[in-house]
Amino acid sequence: MTGLQWDPEICAACETIDCLMKCQYVRYSPEQARGERDRLIAGEDTAILRDCVTCYACEEYCPYHNHPFYRIVERQEELGIHPVPKPIEKSQVVMMGPKGRIKTEAVRAPVVNLCFFPQMKGAIRGKLLGDASVIIGSDIFCNLMFLHFARNSTIRERLPLMMKNIMEHHLRPSRVDELICYHDECYGTYTSWAPAFGIDVPFRPIHFFDFLNRRLEEHAGSIKPLGLKAAYQRPCSNRLCPETDPLVDEIFGKIGVERVRREFDGENALCCGGVMEAQQRFELAESNQERNIADMKASGASVVVFNCPFCFFTLAEKAARAGLMPAMMSDLCHMAVGD
Amino acid sequence: MRHEELLHRCFRCGWCKLPTNYVDFNCPAYLQFRFESFSAGGRMWLIRAWQQGELKASERLARILFTCVTCKNCVQACAMPGIRDQLVDIFTAAKGELVEQGIVPPAIRDYFKSMQTYGNPYKRPATERAAWAQGLDLPRFAGQDYLFYVGDEGAYDELGIRMAGATARLLKRAGVDFGILGEDELSDGNDLRAAGEETLAMALAEEFIDRLKSHGVRKIVTLSPHALNIMKADYPAWGGSFTVRHYTQVLVPLLRKMPLAKKEIRVTYHDPCYLGRWQGEYEAPRAVLRAIPGLALVEMARNRKDALCCGGGGGNFFTDVLGHGEDQAARVRVREAAETGAEVLAVACPLCFKMLDDAVKAENLEEKIRVRDIAGLVLEAAGA
Amino acid sequence: MHDIYDELVGIVGEACISRAEEELYLYSRDQGLQPPGRPDYVVMPTSTEQVREIVLLAGRHGVPVVPLGGGLVLSGLSVPRRGGIVLDMKRMNRVLEVNELSHYCVIEGGVTQGLLQAYLARRHPSLKHSVPDAPPAATIAGNIAIHGSGHLSQSEGGFHSEMVTGLEVVLPTGEVCRLGSCSTVPKWFSRAPLPDLVGLFLGWNGTTGVITRIGLKLFPNHPLKDVLMFMTEDIDAVPDILFRVIATEMAEDITFFVTPKPAYFDGFQMTNIHVVAHTPREMKLKMEIIRESLRPYLDSKEAGFLPLPPHMKVNLLAAPQKSLSEFADIRKGGGFEYVGSIMPVESIPGAYRAGLEITARNDVTYSMGARVVGRGHAVMFYYAYPFNRADAGEIGRVRAALDESNVAAMELGGIPWKTEVAGQRMILERMEPATRDFLMRIKKVLDPQGIMNPGNWEVTP
């Protein structure tokens, strides 16, 4: 059994408790935060286990990369705390579970892992990305979403099979060793969650933005700058790989898009609210969405750009109603090269 | 028969009778006859009963099947993903079975016979195929960019000839480099196949493909959406890979450069089934119309994927098996067009042109609305 | 019978009558599993006068008359049990009047749900009628004649038969009667304050006359629509959940469903709550009130609202839901039939458990569910079984499951809805004798020769 590589001594010695003090969804005094931290270390029940909206942000805030969020999820599961109503949790476990329908299919590098978003297939197209092989579906799905459901166990149980499927059915027979992860969530799984739980990853994960950025470089000649001002909706899973966030600026730079400065970007990004809805925190979800969209509007953006399809499903319509054009990052790039 | 394994999967829920916005019955045969048997679902059940020996093939069954004008409304509206896309092909296959058994409505038999004997449904000699182009000074095809193919209606039908002439003049005016085949044209085979004579249709098509190849044709612009359909959808499998476009599609980008006079008219556009539901082109004809300054395009309640067919498909244009009367699709359609207040009902297909033009007369709507082909309208605005 | 044919041709014209094998085959059966019954003629009248003449002719010859709407009842109610004339009403499909201020329309007896929907959407977009989950080719007359229900049944006053403001009917003896306000003044706004005769034609399966015109209530059409799906794993909680949501008076439509497929729904109970509003603010408030009504469930984590992806919302918000028709082909066999049962809300858990037993016993797949009718005054609970038309074994098992579901529904305090002839007989057997005699007496008075859809609502076969 693989356990979380979390060092209680680092937490105990921490002075700033950024994980909780920077959190946008709880307002603890420094004293309260210390108490929460101490109880987390001691393995006692404590408020944050129920207050947590599971936005992943504390993984980024912790200066020691000591995985405060994974620790919270571990404790939630151990104590039987269900952030999401039990029937929804159970249903999601079935819905997202491996269906065992995977077939061995030859691929050719570059290989893009489209996670479990079949509706995103059209994103990998055209002269920019059309040559890439795509893998997709429940049998290669990272399952990291179960962090929102206090179910590290589900990820632990499924991830090895998923990686085995990816290797045996796709990468190994075709002698490919790199996997481009479209969704930040997959990239975060392989670069943050798996190492934190001592699980080896048999391929080299590449962030989609890295790939997109390189491709834009190759097609520099055919780019028509879009001349747009865009608000970027940074997804929660990017908190697991914050080092990739500057790639957004690089990509935008290449396609003539300005990433507007706004309150809720970067470290201060706001959750799209989708998970909060699943947690039945409707008012919080709505106020988050309203604040987020108002901020986008105030920043002068005309476009809101997503990389996470789930954020897109949650926010696109609301953003559109507010007069912002919703767009996936990949589509924006296609547009720039005239795909 | 082909697709026999799908017949029992129709629930007969009746979605196929209506367009997706439910405005009114949208299957021309069902609209006309109104018995359940003439709906797509009714046909599915009857074909199954026939194939299982519960029903004998009869003249009535033939009438029920041959009045399918292959407009594809049922395919658009059917609720069953497992059979939806095959519906029209099932009906065509069933027509084919009846043809094999020799149980065919007399008018259809005559149509087949004309096609076999004359190579066209008008019983006219091939030498007359170039008559439409007289006086237009059109070059024969000799390696130009496009072949302009007018087909049977463009060559022999009075309105079709007018439409072919207008289209040719407009293409010329727009600077399209094209030639025609004249007497060397053959029937494209689309409607013959849709009427159930698949063998003859294929033989004709293959002969034509050889001819096209021997002329060195690579790109074709068609007058009729019916020709567009078979050339795009089926010719490649029969050895003929050409770039095929409807004339409205070719015109869209060229009209920007053509000066057009202002024409303050209210126009409604009728989507031909073979351009719209079959080939997915709803916008090019509208874009061509909108290029005319002052023209106001108004839509009928049933438009684009929901358009009501004129009733001219599946060979009915040449055979009239669907019959006449107030519920005749073309007459319902022109009433719908008149309801929009438009003075002009614009068409992009020579079959629709004639069907709807006749219907305007039958409905005594000549004072209210005129059927015009798009090419003719644009040509007029171009001052030609 | 030759002269009957000629007489019918004389009434409707040759194009509107058939006695060809093809039509007789098709009109002998519906989509369900009742045995076929062969008509002698299929006739399509175009006017009330033609209907009257046909009924008089049938009376003279003692020939049965079976009115047919969309032909989508599934339980054989418009399949002629004793031959005669099937009256396919779909040529009488005009919308005759819409009175916006008084919120009603007058339509002919063959108008389909889809046609009225489209007509209102184009010409009176501020109004709508209550749409059943039948395909749009179903007729309004057919639906009210069997006490149908639909997407406004919870919020706007119950069964569709309760939304009828007046009728024009041709009696089995040939008289044309107008019932409701239209009998006395030229407006179709209400059944009150007159002695209510309209009920004599609602729920009678066409045994008391032919409906040729209908006055139907219309309701405000809100521009904004949304839907919530509440998920539980405790069937016993469902009546309370419905009660709480109904009590808010914020929901338009409330339906409940269970299904073993897709697997992520198996074992859970879902309640769909449709909400409509004029403004975003109204919508927000209504949603909040509904969510709060279920607070104890949310706090216990034992149930909750499932976040719905956009494509699922589009499906659920469509009226009628096209995806429901797809259910007929989940066995890749184009068939399904269901037992609908009108029952009290508290019967739901028992009905559900009985359904699970029946499906397991008969080895059939299923979907079950209910629509709330009125403010929880009743539900229409359904046991739906898909089958493969090409699989005789499965057809037999589904037949058995349907029969058992009828019995179960009655034992649970419900009454089978639009049930086939055998089910009607079962109901009559359990009916109070005085009531049953009264019913039979009325039938006899209205239809002395027994020509109207014979076989239906009869004590003896």
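We just call them A, B and C in the order they show up, numbering each chain from 1.
Simple rule for what comes next: contacts are C-beta pairs under 8 Å (C-beta built on N, C-alpha and C of every residue); 3 or more make two chains touch, one makes a residue touch a chain.
Quick caveat: nothing in here was measured; it's all calculated off a predicted structure.
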{"item": "Category of the chain touch graph - line, ring, star, complete, other", "value": "line"}
{"item": "More contacts between chains, A-C or B-C", "value": "B-C"}
{"item": "Whole-Å separation of chain centres (CA-atom averages), chain A against chain B", "value": "51"}
{"item": "Whole-Å gap separating chain B and chain C, where each centre is the average of the chain's CA atoms", "value": "39"}
{"item": "Chain centre separation in whole Å, for chain C relative to chain A (CA means)", "value": "47"}
{"item": "In the complex with chain B, residue positions of chain C that touch it", "value": "15-16, 18, 20-23, 25-27, 31, 42, 44, 70-72, 88, 90-91, 112-115, 117-118, 121-122, 135-138, 322-323, 325-326, 328-329, 332-336, 388-390"}
{"item": "Interfacial residue positions of chain B with respect to chain C in the complex", "value": "8-15, 17-18, 21-24, 33-37, 42, 45-46, 49, 54-56, 58, 60-61, 64, 79-83, 301, 325"}
{"item": "Contact set on chain A toward chain C in their complex", "value": "82, 84-88, 90-92, 94-95, 119, 274, 277-278, 280, 282-283, 286, 313-314, 317"}
{"item": "Chain A partner contacts - residues on chain C that touch it in the complex", "value": "231-233, 262-266, 268, 284, 287-288, 291, 297-298, 301-307, 309-311"}
